[in-house]
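Chain nomenclature is as follows: A, B, C, D and E, assigned in order of appearance, with residue numbering initiated at 1 for each chain independently.
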Amino acid sequence: MSGADILFYMLAAMILGSGILSVTTRHIFRAAIFLLFSLIGVAGMYFWMQYEFIAAVQIVVYVGGITVLIIFSIFLTQQAGEKLPEQKMGRQLFAALAAFCGFAFIMLQILRHSFIGTTKTTAEPSVVNIGNQMLGVEQGGYALPFEVVSILLLAALIGCIVIAVRNKTQTT
Amino acid sequence: MPNPTYIILILLLPLASFLLMGLFGRSYIKNASGLISTAMLFVATCLAFYVAYGYFFEYGNVNGVYQKLIPFKYTWLEFSKGVSIDMGILLDPITAMMLVVVTLISLMVHIYSLGYMKGEERFATYYSFLGLFTFSMLGLVIASNIFQIYIFWELVGVSSFLLIGYYFEKPSAVAACKKAFIVTRFADLGFLIGILILSFYAGTLDFNTLIQRLTSPESMEFKTAVASSFLGISALTWGMVLVFVGGAGKSAMFPLHIWLPDAMEGPTPVSALIHAATMVVAGVFLVARLFPVFALSTPDALHIVAYVGATSALIAAIIACTQTDIKRVLAFSTMSQIGFMMFALGVSKYGGEEGLGYTASMFHLFTHALFKALLFLGAGAVIHFVHSNDMNDMGGLRKHLPITHATFLIACLAISGVPPFAGFFSKEEILLAAFQHNPTIYWIALLTSGLTAFYMFRLYFSIFWNKEYHPHGEHHGEGGFAMMMPLVLLAVGAAAAGFIPFGKFVSSDGKALISEFHLQFSIAPVALGLVGILTALLLYKKQNSKPDTIASSLNALYKAAYHKFYIDELYLFITKKILFNLVGRPAAWFDKNVVDGMVNATGNSTQTISEKIKGFQSGKVQEYAIYFLAGATALAVCGIYLWK
Amino acid sequence: MNLLILILVPIITALAVLMMRNNNLVRWTAFIGSGIQLLLSLGLYYAFNQARAHGETSQMLFEQKTELFKSWNISLHLGVDGISVAMILLTSFVVVAGVLMSWKVEKMTKEFFFLLILLSMGAYGFFISLDLFILFFFLEVAVIPKYLLIGIWGSGKKEYSANKLALMLMGGSALVLLGLLGLYLSAGKTFDLIQLSQIQIPVRTQMICYPLLFVGFGIFTALFPFHTWVPDGHSSAPTAGSMFLAGISMKLGGYGCLRVATYLMPEGAHEYANIVIVLSTIAIFYGAFATMMQTDLKYINAYSSVSHCGFVLLGIGMLTKVAITGAVMQMVSHGLMTALFFAVIGMIYERTHTRQVNEMGGLLKVMPFTITLLFIVGFCSLGLPGLSGFVAEMTIFMGAWEHPDTFHRVATVLACMSIVVTAVYILRAVGKTAMGPLKEEYNHLTDATWNEKLAAIVLMIGILAIGLAPGWLNQLVSPGAEVIMQKLK
Amino acid sequence: MNDFFILMKPELMIVAIIFILLFLKLGKGLSNNSLLLVIQILLLWNFASGFLMNATGHLFNDMYQTNAMMSLQKNILNGGVLLIALIFTEWFQKCEHLSEFFVLMLSALLGMFFLISSGNLLMFYLSIELATIPVAALANFHLDKKVSSEAAMKMILSSAFSSGVLLFGISLMYGTTGTLNFAAIPALLDGSALQIMAFVFLFTAFAFKMSIVPFHLWTADVYEGSPIAVTSFLSVISKGAIAFVFISTLYKVFQPYHTIWYSMVMVLSIVTMITGNLFALRQQNIKRFLAFSSIAQVGFILVGISSNSIQGTTSVIYFILIYIFSNLAAFGVAGLISFFTGKERIDDYKGLYRTNPFLSWILALSLFSLAGIPPTAGFFGKLFLLTSGAATGSYLFIGIAAINMIISLYYYLRVVRAVFMDTNESPVEKITIHPMTRIAFIFCGAGIVLTGIMSWLYDSIKALVN
Amino acid sequence: MMQPGLYHILFISAALFFIGVFGFFTRRNLITMLMSVELILNSVNLNFIAFNKYLWADKLDGLFFTIFVIAIAAAEAAIAIAIIINLSRNFQSIDVEKTDEMKF
């Protein structure tokens, strides 16, 4: 077993372990932290696959953005230290069963599937390539989705402002 | 050939009278309505006599045979080629005779009603109904097409309904008119099906063609009609029997007679016209009309006619002996006399001497119309005077009502078959025909004619003799000229009509039939009649207790006869208990609960299901997601393993 | 003659009704509009006869065809034969009478007349269309006005009845729709009646589509056991509503059964004829007996309509030319008769405020005109000669009798027997209402007003015209029936 | 470059309007009323320009494609948005964040346009999000109402979950085919189990957005809680857009899986119709009622989709056109009444006709159209859907659809009954209708009546469908 | 153990997906539900990158898809959090079990 393999299994354990903890712990703050670890694990996996750019984006956006946002919102909505209310046991069991079955089913399909794939490896996930393609309009360019996403972000921004920043007169 | 315009005019005048009185009588010509109608009918009567005269003496007889002429025909409704309802005129001896009888009696009733119905609120309506009836009856007798006869048959029925229900505020009248209509309607059902059968096999509805096809043994129609059978009886016999059922209903033959006594709820002149002289003989007329088919092709059916007629004659006579309502006595007597006519036809054969019954029947129809109308009108005069129908309220009226008394007596003698009154001649011929062909019926007839004499004179004595009458309230008198004139005229007819050489004009095959007068044959019936009269004289001339004694000694029979042999009750049982409770009520229940219930249940169960599944939409977003994933997985599984 | 005008006049009338300012104008507009339509219908009859007299032998006259939905092969194909002309005449008579009978409607007058005219538009359109899609369109156009008429202006348990009617009729039209789709898809993707009639439709399709179409249309015309909307709907509807329902709307079904189901699918018709006969005989008999037990005048007429419409279906099921002619005649006759019956019931109800026969009695004395009408419709209903019912029923019997086998014979005899039962219930109803002693509280009732009289006279003209001289109707209808029979053989 | 402007004209117009609105917001000089007027004019201009210069072509390596049919679909949506802007005039005039509202709504519309034009799974995903996320924000526009925030929450969470599933499907699709391009996918579909599963997951996204049972559960809650303008946008515009895309995706991209999706569509259609109808039967809240009724309508749209033919496509487009008129009119009336009186229960509508005949007629007309009763256009719409569905030969399916038409008639009539027949002690008071609203209503009414009668419309739509 | 490859990563991503699903089904707090959604999205991203790396390395489709998913996830999270904050003001709670004003 090479070092890369060991790294892989560690990352896998980190992703799944902290993922499970994140959805089971009854402390909301801890849940956010476990989520953070899980996301970092995913970023590590990207690194492991040598997709450094995307790993960086993952770290920046998720770890630096979304998780922080979530933690802030926890502060805004939650009294600190309060334990999360527990879900009904039946529901928990059912959800676990359903999730496991779904997982088993999908894994079954995946394992039985022989992926074809291509042998050519022409595209290098380098920052230059990514940058060129991201704003390119020619073959392999992603200018249009880029614009669409920007509009979406604009809309989201406006929506957030309207919803979250509401007038004092309305809040009683 | 006769001029059809006249015949049509005979028809149209009463119709015009009906329309005129019906539409405007109530408001514009209220008081004059009677006179106008009567005048119109007078014209029609004259025309009828003219036509009859013309037919019998000028153009009807060709080479010694009276022809069946069709001076007019109009296709009213064509079903298919050859099968159509035609409105036409079939002129033959019985038509000519019936034209005269109907218009004459109707005219008498019109005149009589001028006095009798005077002051009625719905005077014009009454005359319009009379017009309608006369029109329908005339249409019936001239019909050249079996469906035409059915049409007017129904119209006659409805005018009878209207006239019986004339006093519509009296519940008994309402019940009576409904009963009359429904019972005859039931019989008409038979008639209708009979028509359907006949028309199917004959391929025509036209009388002449139909008779011709169904009587000639070589014709295809005849062969198929005889060949096809149902329940072992040939289709043709079925058809004729069913047609006769219609006739029996209208003619109040046993057991379809139950409507006739109740029909006396109508005004008395109406009873005279419809329920004595004209409409009730329609059945006889119908059988006579189809007589060749009966006689030549379906002798079995004719036997049924004979026995039904004889039974009715006897039963009606027995019942008549016990009734106390004078109109009901007359009603049963009518039924009995029609029974005579019926079995006379039933025992007859077609053609020549053998056809005596036919002639006799028609002759009796003719004379009976005269004396029975007279009896009813006389009874009307009595009722007018006494204000009651019950014999027990009467007695000793001969002093108060002399003319009525005299004419009534003549009529009684006529109906009892006392020579030389009209009834004697016709009845004698009937008995002779029965004697020649069917002894059983002859004996029944003989007994019945004795009973006839008895109950008629029971009636006569109870009204005019018996006890003394003490008029209370103001004295009406006999009702004036309008009422007396028809009585007298009819009395003359009843006395003299017997001398008409009827067989010369009316016979089964159109050839003249000279019936001989057998003196020795007449002895028995006349003697029996006299015995009947004498018995009545002894029992009812003076008020005494003998009738009651006899009645109580014959307890069961008397009671049964008094209750008309419980036939009404039987009918009531069938209709109320069986049809209403066992068919109608379940049908209504079934409709309300099962059929309707199913519809409602569909709606309700939808609602229920909708209520049951509401938990699906629990309002909890997590459950939504669970359903989502479940759906996705199910689709995936199905997609992969099932639908691929 | 351009048939489109038969649809346009009601539309224009309906719109004009909506424009009118006051109730009086509304009434008169509706009356004039329907009157014009009546004249047009008579004109159509005249023109039709003229054309036939001049040797026009094509099956449909005054045909016209405008493409509508080209990609579906749907076109506005109009045309009439004798049967349609008869139905149009019926409709126009009933509409005029219905408008007149509604003269006193005060509640939402404008809307009432609008809906009435809309309903009539549906009927006219239905009878003249030769494209099944358009036919179906008009069939359904007529449903909602009925619903609203009953629901808004009705009485009794009106909402329940209105719902039941709308849902059952929609159920019927759903079946019709399925049948039509089946025809459309299996027979060359066309809705055109004439084209379809020239194509040999596959027998398998016929076996499926015939019952769908027949039952679907049958629901409209009270086919047993789908008749339960009839009593409730009729009894809850306002007078004109009942008149339209029974007089026009139920005829849509009969016409559809004949023109669409039977005509287009001869094998299907032969295959299912016995079932049709059994069901219609049950309807005739059972309807009659159910009527016998009713005490509400409207229920009496409604159930008797079930019975009478059974004759229509019986005539169609018998598959002979005469019977089919009779069925059409019965439709016309029953339409006029039942409309008049409902009109009379309306007149009585308006005055006595009850429809229970047991609570009336002796009304003949105070309202002779109305009650005379009651007698006449009663007699018409029980098939008295001289009135239309007799002619139609006898024609059906004569046609039905043409089958010599026992099954048909028994059915025919049973149907004949219903005339006795009819007599029983009609006389019972009439006797209890009109005859007998008059009740105190009814002493001051008034007789019919001018509009009611006029309405009655209009309908009476129709009834008598058929009853006294049926030849014209027979000549009008029987060539149409002949064409249908030729296809059936 | 010219191509770019012509081909992307609809999207560019929307973007332009969004920016105009943002600038106007910066200026801060406009009152709500005049701002609304500007918006209405802009939308009208947008709608009108939609008829001009429509071209066929594709841009950005097939990520964006357009043709006459798509332009038509986009313009139908444009018209719908214009109608929404007109119908809810009074509500908008009182709306606190008017320009934001329209920015969000138009960006959602933009998302739909891209969705219609998308030629690539990435674009597809992005535009589906663009069409959803702003609407979730819109659903929360009644900021201080519990139901509104609950609706928004349900919508955003459900749609996030759904897009998770969608993404998983897309990723598997990518994994098995190696392409995101729609044009390339059909040739690469090999029918392997994993791929079918990927397809099913993709399918669920459509099902979720179109509220097909059992993916519909968010619908009623969101419809009920959202401001009614948003509800009508969701139920009409959003659903219409998704239906357009759904049909073209199934027909074009997943044609090789025809047998699979035919069964799926058929089963789901039946379930959807039945469930929608059964739930609609027992609703009291008019918005919720319309929500379930629109679920049932989706079932009918699926019937048309199942046909896999040009007629099916045309019928769906035609139906959506009619559906826009009918549903907007219904929601418009409900919204107006809710806005002025706060009454949203069907029982509150009793006796409405006495006080508000115009609104009653519009409501009745729209409900009849939804129920598919002539002479309204809904009749034609529904019938054509059924006819095209019947062409596949499954009569049982069509029979069930027909039965459902009857059930749906029952509950539509329930509202009609309340409006016209029942009486109420305190009916809805007389509402003075803003002229703009009135125009919109009349337009809707005319649309409901005339769309069917003007039969060439269908044929001309069919000419555009390829 | 084998050389880690495509199937291993797919295993991880599928597991992560269903961990997210499990969380979404069971967490009663809206924010934690949102966190579960993030897990789901990450699993998908992992899928894309894996496919891109091991199967379709000739183009960067998967990579770009991931980038856009991350962007969208951010936007979605932002809006969701705004909505949740607003909801918590209205309900004084962010318990999903309590936010069922509208049902049936």
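A few comments on the model shown:
Following the convention adopted for this analysis, a residue touches a chain if its C-beta (ideal position, glycine included) is under 8 Å from a C-beta of that chain, and two chains touch if they have at least 3 such contacts.
These numbers come from a predicted model, not from an experiment.
Under the contact definition stated at the top, the chains bordering both chain A and chain C are B, D. Both chain B and chain E are touched by A, D. Taking the mean of each chain's C-alpha atoms, the chain whose centre lies closest to the overall C-alpha mean is C.
Taking each chain's centre as the mean of its CA atoms, A is the chain most distant from chain B.
Of all chains, A has its CA centroid at the greatest distance from the CA centroid of chain C. Separation between the centroids of chain A and chain D, computed from CA atoms only, is 31 Å.
Measuring from the averaged C-alpha position of chain C to that of chain D gives a distance of 42 Å. Between chain A and chain B the centroid-to-centroid distance comes to 102 Å (mean Cα coordinates, whole Å).
Taking each chain's centre as the average of its CA atoms, chain A and chain E sit 6 Å apart.
Multi-chain contact residues of chain E, defined as those touching 2 or more other chains: 17, 20-21, 24-26, 33-34, 50, 55-56, 64, 68, 72, 75-76, 79, 82-84, 86, 89, 97, 99-104. The residues of chain D that reach two or more other chains are 122, 126, 129, 133, 136-137, 140, 143-144, 152-154, 157, 161, 175, 178, 193, 197, 220-221, 282, 410, listed in rising order.
Looking at chain B, one finds that residues 603, 614, 617, 619, 621-622, 625-626, 629-630, 636, 640 touch two or more other chains.
Pairwise, the chains that make contact are A-B, A-D, A-E, B-C, B-D, B-E, C-D, D-E. Across the complex, chain B is touched by residues 164, 167-168, 225, 227-229, 231-232, 286, 289-290, 292-294, 303, 321-322, 362, 364-365, 368, 379, 382-386, 390-391, 394-395, 397-399, 401-402, 404, 406, 412-413, 416-417, 419-420, 423-424, 427-428, 431, 434-438, 469-471, 474 of chain C.
Note for the complex: chain E touches chain B at residues 21, 24-26, 33, 96-97, 99-104. Touching chain D in their complex are the following residues of chain E: 17, 20, 24, 30, 33-34, 37, 40-41, 43-44, 47-48, 50-51, 55-56, 61-62, 64-65, 68-69, 72, 75-76, 79-80, 82-84, 86-87, 89-91, 99-104. Within the complex formed with chain A, the residues of chain E that make contact are 1, 3-4, 6-12, 14-23, 25-29, 31-32, 34-36, 38-39, 42, 45-46, 49-50, 52-60, 63-64, 66-68, 70-79, 81-86, 88-89, 94-95, 97. Within the complex formed with chain D, the chain B residues making contact are 603, 606-607, 609-611, 613-614, 616-617, 619, 621, 623-625, 627-632, 635-636, 638-640, 642-644.
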